[in-house]
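Each of the next two complexes has chain A plus one more chain, namely chain B in the first and chain C in the second.
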Partner chain A sequence: MDIKPILSSLRRSPTGALLVALQIALALAIAVNSLFIIVQRLELLNRDHGVDVENTFVVSWVPVAGRFAGEPAMREDLQVLAGLPGVVAATTVNAVPLSGGGSSTSLYTQPGEKGQRGDINYFAVTERGIEAFGLELVEGRNFDATTVRKLPRNGSEFVPEVILTRAAAKELFKDEPAVGRTVYDSLGQPATVVGIVAGMIGSWPSWDQAGNVALFPVIADEQQARYFVRALPGRRDAAMKAAEDALGRIDNGRVILRVRPLDYIAASTYADDQAMTVYLAVVIALLLGVAALGIFGLASFNVGARTKQIGTRRAVGARRLDIVRHFLVENWLVTTAGVVVGCVLALLLGLWLSETFELPRLKLYYLVAGALVLWGVSLAAALVPARRAARVSPAVATRTV
Partner chain B sequence: MFAYDLKLAIDSLKRTPGLSALMALAIALGIAVCAVTITIYHAVSSNPIPHRSQVLHAVTLDTWDVDRPYDEDEPENPPTLLTYRDATTLYGSGAAPRSLIMYKSGDLMLPERAGVKPFHATLRITTHEFFAMFDVPFQHGGGWDAAADAGPQPLAVLSAETNDKLFGGDNSVGRTVKIGSTEYRVAGVLEPWAPSPKFFDLNNGVFEDPEDVYLPFGWGRVLELPVHGNTQCWKSENQSSYTDFLNSECVWLQAWAELPDARARERYQAHLDNYARSQKATGRMQRPLNNRLYDVEQWLERNEVVSRDNRVLLGIAFLFLGVCLVNVVGLLLAKFLNAAPLTGLRRALGASRRDVVRQHVTEVLLLGLAGGVLGILLAIGGLAGIRMLYDDEYTRASYERLTAVDPVVVLATLALSVLAGIVAGLYPSWRIGRTAPAVYLKSQ
Partner chain C sequence: MLEMQNVTKAYRTDLLETHALREFSLKVEKGEFVAVTGPSGSGKTTFLNVAGLLETFDSGSYRLDGEDVSRLGDDARSQVRNRRIGFIFQSFNLIPDLDVFDNVDVPLRYRRLPAAERRERIDAALELVGLASRRKHLPSQLSGGQQQRVAIARALAGDPALLLADEPTGNLDSLMARQVLDLLEQINEMGTTIVMVTHDPELARRAHRNVQVIDGQVTDYKPYEPSSATVTPLHPAVAGGASRA
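For the complex of A and B:
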């Protein structure tokens, strides 16, 4: 196939081709970087959160001042919740995982704020905490029920035992076994690491150390306390309804405010990330659409403008296939020029994004994917005009010459 | 002449209805994406209290750990909150013409009205200057005075929504509300008021509604009302009572000062620094002197109210508009060159080069305008779509505000689309104007 006539027709009217190439380049640069952001967010949203997000729910309540009985009332409520049909386990919590609100503290491997330090997001739970969250205990043991108690408000008392996530254990003890070791709070009070759970994302999903979580055997203070309940798969909604009814029937000096599934709370925390992915996906779709439009427009114009030329070529022996090929190859050349420039632009845009906004650097295989997609879109967009060109009759050539 | 240009433009657009629609659509898409992004960006970056934003100052002191900055990523930043003793001492010093200290709390509201269930009320525990300093509008009654803060006297100010809920919107001044175990007399009821961003407290939700009820500052200590914002502690201190907490190095209070001019600001800064020096002498505040005053704009920036995502999206939206415009340039060029024989004829019949350019620019302006109107309609749909993505009870109210159709943005967008049309149309119009008529007349 001779590409000389194609090059010469491109040289004769370069502006349109240049504009299409520029459009493809810009579209590629934006689409690839948008896709990269989308994939990062989806990884965040779809990672293993450890907590059983689909089957758990949270009961929010407030004590009525002067009438609330404290720990016995909470124990009573927990017993009621645990006895409901379809409920696996229930615990009090000081904060809700994935909610954006919670508590953190610094733990050390030696007393006196010495040794390795870890900033740890902690949850106060009962001995049913692991079950209620739906975590997997991979080493050691669960809390002994006798260690679970309510601590005085505004006090500095520490707990005797803690359970760490693997990530938290690694932060404090590197690769050494953590079970049986001692961690210290900032006042130098010790606690024994009794168990390790596989992993869980804590209160703040966007924190880069969101997996550094510890469980403390504590009945949360009623100023913060909520109940966290896990149901059997498929029975959460019924359990929520039953929980609201059952707790509503008991008057032990607290008012039930809301019962909400954890996936609802987590979706709210992730709403910005979710919206970002949808928004960027729409932008990518529109970009490809607009690019296709531009390619289609230019190819149609070229076909219209060169009707006579096509007729002449047909009259001197070019087959329909040659004409189609001519337009597709011409379009391919323009697209490829755009793709090459687009890759450079994409890298520059990616560099700028990563420097300005401290995002990770664009991965190169995204460029390959973007280029392939644009080639495909471009081919599809040029196909209709090219076939129209092939239908030009050789007789056209003779009409006005 | 304009009428003639317009007629020519409309004729020309009608001659290629498909292509005209495609071009208008390309402009509309670019404009729509920009309009959606700008609407949200504008809402996020807006100044919630423009007439007082340079007078109001958030007060910060670097009381943090000598070995570790408050913010390890940006070590020059002092904590955004104050300790109880620093906040109350600075407030008591009277060094600013007007200042306030406050925090967010919450407790159970026990309504007397039949049919209203008890609910969790968000509380702002604040000194009395809050309403005057932040220009908060009252529909009934008013706030309280310094004596009520110190007492504390059982007075409360209700938000409009709370008053609606508890009293059906009646003037409730003088009536009582029961929160927790305490009864308060309603001193005032606010008009609906929701500055966005919620500049005076950026701890929890930046765009969330203000609190349900305002209580005199003294109640915080008397009732030991819990902190619902952030409490951050760095020092290992043995605490066993609420008093220990108040005396600790934990930061949890917000402080604002009204400093009407540069002199007042300098004086207050000097006061802050002197106070910090006096504390250094007692062994506290061992970090280098770093006490900052932020006016409202600076405070919004320090707290990164305009997020990284907002900026990235704004950039992407304009790049997208760029792609759409390049597209339109290409299509216009094709269209104009296709119609060149006609233009050649007009030139031959005496139309000047300028006439031809003007006629083509008119056509492009028309396209830009059509694209702009269509784009705004698409944008309104897009904003509704975004609201659907935030359809949960925690973020819904914020996003209803952020995605509200903004007349300023609508006008700016229309201007942008006409400008975009001109930018896209200038080269093709010039190009067609430059063409020698003879070339196109040859084969007629």
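For the complex of A and C:
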């Protein structure tokens, strides 16, 4: 292969090649890190959320001061909702999963803020909470209806029982069994772990501990309570309409504000992630496009500027394939120089992103994939000028102009 | 060595058909030094292009070194150019980014010769043209005469049966032109057949035989009469023994 003379040639006229190599390096560094972020976002969007996102909806309401009857009114509404056709279960909640808003607390395995600590996103639910969310109880038991009660507003009272997700149980108890164990709030008040659910993403999907969730047997305070309802598959929209109509007919001192499906709420929460995914994908496409144009431009310029040389090479025995190969090898060398520098830049950029925005470290196979893609793009971009070069007649060698 | 019979070549555009060669016939024997002369536009360069397989022709036949090369495919023509023909161009046609050594190496690489053999051939060719000490120089660091000698070395390194020279001294001053011509004569005396296209009568007089071309036809043709000149072989590394790869 003609690598040595091509390298000598590149060394003697390096400017264009260096600029294109730099362009490839920057394209690789940015594209690889963008792709890494996109994949992370897609993993976030497509992971198992635990909650039955497709079949659940949320009824938001506000109490009318002086007219709202409190827990009895909420119990009445829940009964009506649960009795609607196509509805599986309904519960009050203090916050909506995947909504971007919620409550968290720290739980400990020993009183006095001692032992293992877990930062937990908690949901106040009734005994129908697990059913309404669509969660899978894998160990222990559900709350008993008698345990569920309304806590005094602004009080410091803790709950007697909790149900944890597997992730929360692992955070607190590592690999030891959690059911039957006691957890403590920051005041040292105990609660027994009565059940474990398989998994659930809480209020803040982007939080790195979004799976650390606890269910508390509490009727949520009316200032923040909403109804969370799960319908049978395919019957959610009808159930939403029925819920709005049925609750509208009951005058118990609260006003229904809106009824929204959970997938709509989750989509709003994920809107930024989705927008970023699209934005970064466009950036990658543009970078690859610009890099391809740079390669195409350099190769086309070289072919145009070296027509006589190509003719001479053909005259002294180069086959068309030799000419194509010459330009592809030259382009490959430039691309490879760009890829090598680009890999270093990509790692540095990844390190900076990781430290600045607390992102995971860039995986090395992204670099391999990026290098392969850029080699492919560069090959495709150089092929057209290379084939044009191969069509140069050897008779060009004898032309004096 | 070179035998063309009734070769016709026309260039066509939508509006015009130009006959560059008409029933062109020429025979050049092995070891000859032939000058092809004629005024501008007479068809000299077209003859050279056809003889060097740089262009195809429309009709007629062409035998080179005993082989009919009239209808070869593109790759086969490349191979014949690479192995049997050496070219010397008016503007030298060296590759400016490559040094002397790499320029001479260009056709040898296309022949896929082993590196050691290439190096040996290049050294011998550069020695022959007196530029062994300039192997690392770029063309821009050489005079016109030296550049043409590099081009001659490039043509000779492949041990061609036929050397085609297109106005080899056209871009040189008289002193350098004489040196190049002396070199060509020396190469011819070593046994290499040379066909030189020129419009310079002074230059043509140094050839064994002149062939005049006007309007694409040979108008003054005399068959070759071998002289008694001694034939000295090329440097063994350049000649590559009797065999041509």
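Keep this in mind: the second predicted complex is superposed on the first by the 376 of 401 C-alpha atoms of A that agree within 3 Å, B and C clash if a C-alpha of one lies under 4 Å from a C-alpha of the other, contacts with A are read in each partner's own complex, and residues count from 1 in each chain.
Just so it is clear, contacts are C-beta pairs under 8 Å (C-beta built on N, C-alpha and C of every residue); 3 or more make two chains touch, one makes a residue touch a chain.
Computed from a prediction, not measured in an experiment: that's the story for all the values here.
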| item | value |
| --- | --- |
| Partner chain(s) touched by A:D322 [first = chain B, second = chain C, both, neither] | second |
| Touching partner for A:P394 - first (chain B), second (chain C), both, neither | second |
| Touching partner for A:R314 - first (chain B), second (chain C), both, neither | second |
| Touched chain A residues, chain B compared with chain C | B |
| Contacts of A:A132 with chain B and chain C, given as first, second, both or neither | neither |
| Touching partner for A:F357 - first (chain B), second (chain C), both, neither | first |
| Contact residues of chain A, present in both the chain B and the chain C interface | 400 |
| Contacting residues of chain A [partner chain C, same complex] | 2, 4-5, 8-9, 12-13, 308-309, 312-322, 393-395, 397-398, 400 |
| Partner chain B, residues of chain A touching it in the complex | 15-16, 19-20, 22-23, 26-27, 29-30, 33-34, 37, 60, 62-66, 113, 152-156, 185-188, 223-224, 255, 257, 264-265, 267-268, 271-272, 274-276, 278-280, 283, 286-287, 289-291, 293-294, 297-298, 300-301, 304-305, 349, 353, 356-358, 400 |
| Chain A partner contacts - residues on chain B that touch it in the complex | 19, 22, 25-26, 29-30, 33, 107-108, 110, 117-120, 180-182, 224, 226, 235-242, 244-245, 307-309, 311-313, 316-317, 319-320, 322-324, 326-327, 329-331, 333-335, 337-338, 386, 389-390, 392-395, 431, 443 |
| Residues of chain C touching chain A in the complex | 45, 48-49, 52-55, 74-75, 78-79, 81-83, 87, 89-91, 93, 95, 97-99, 102, 105-107, 109-111, 138, 154, 158, 166 |
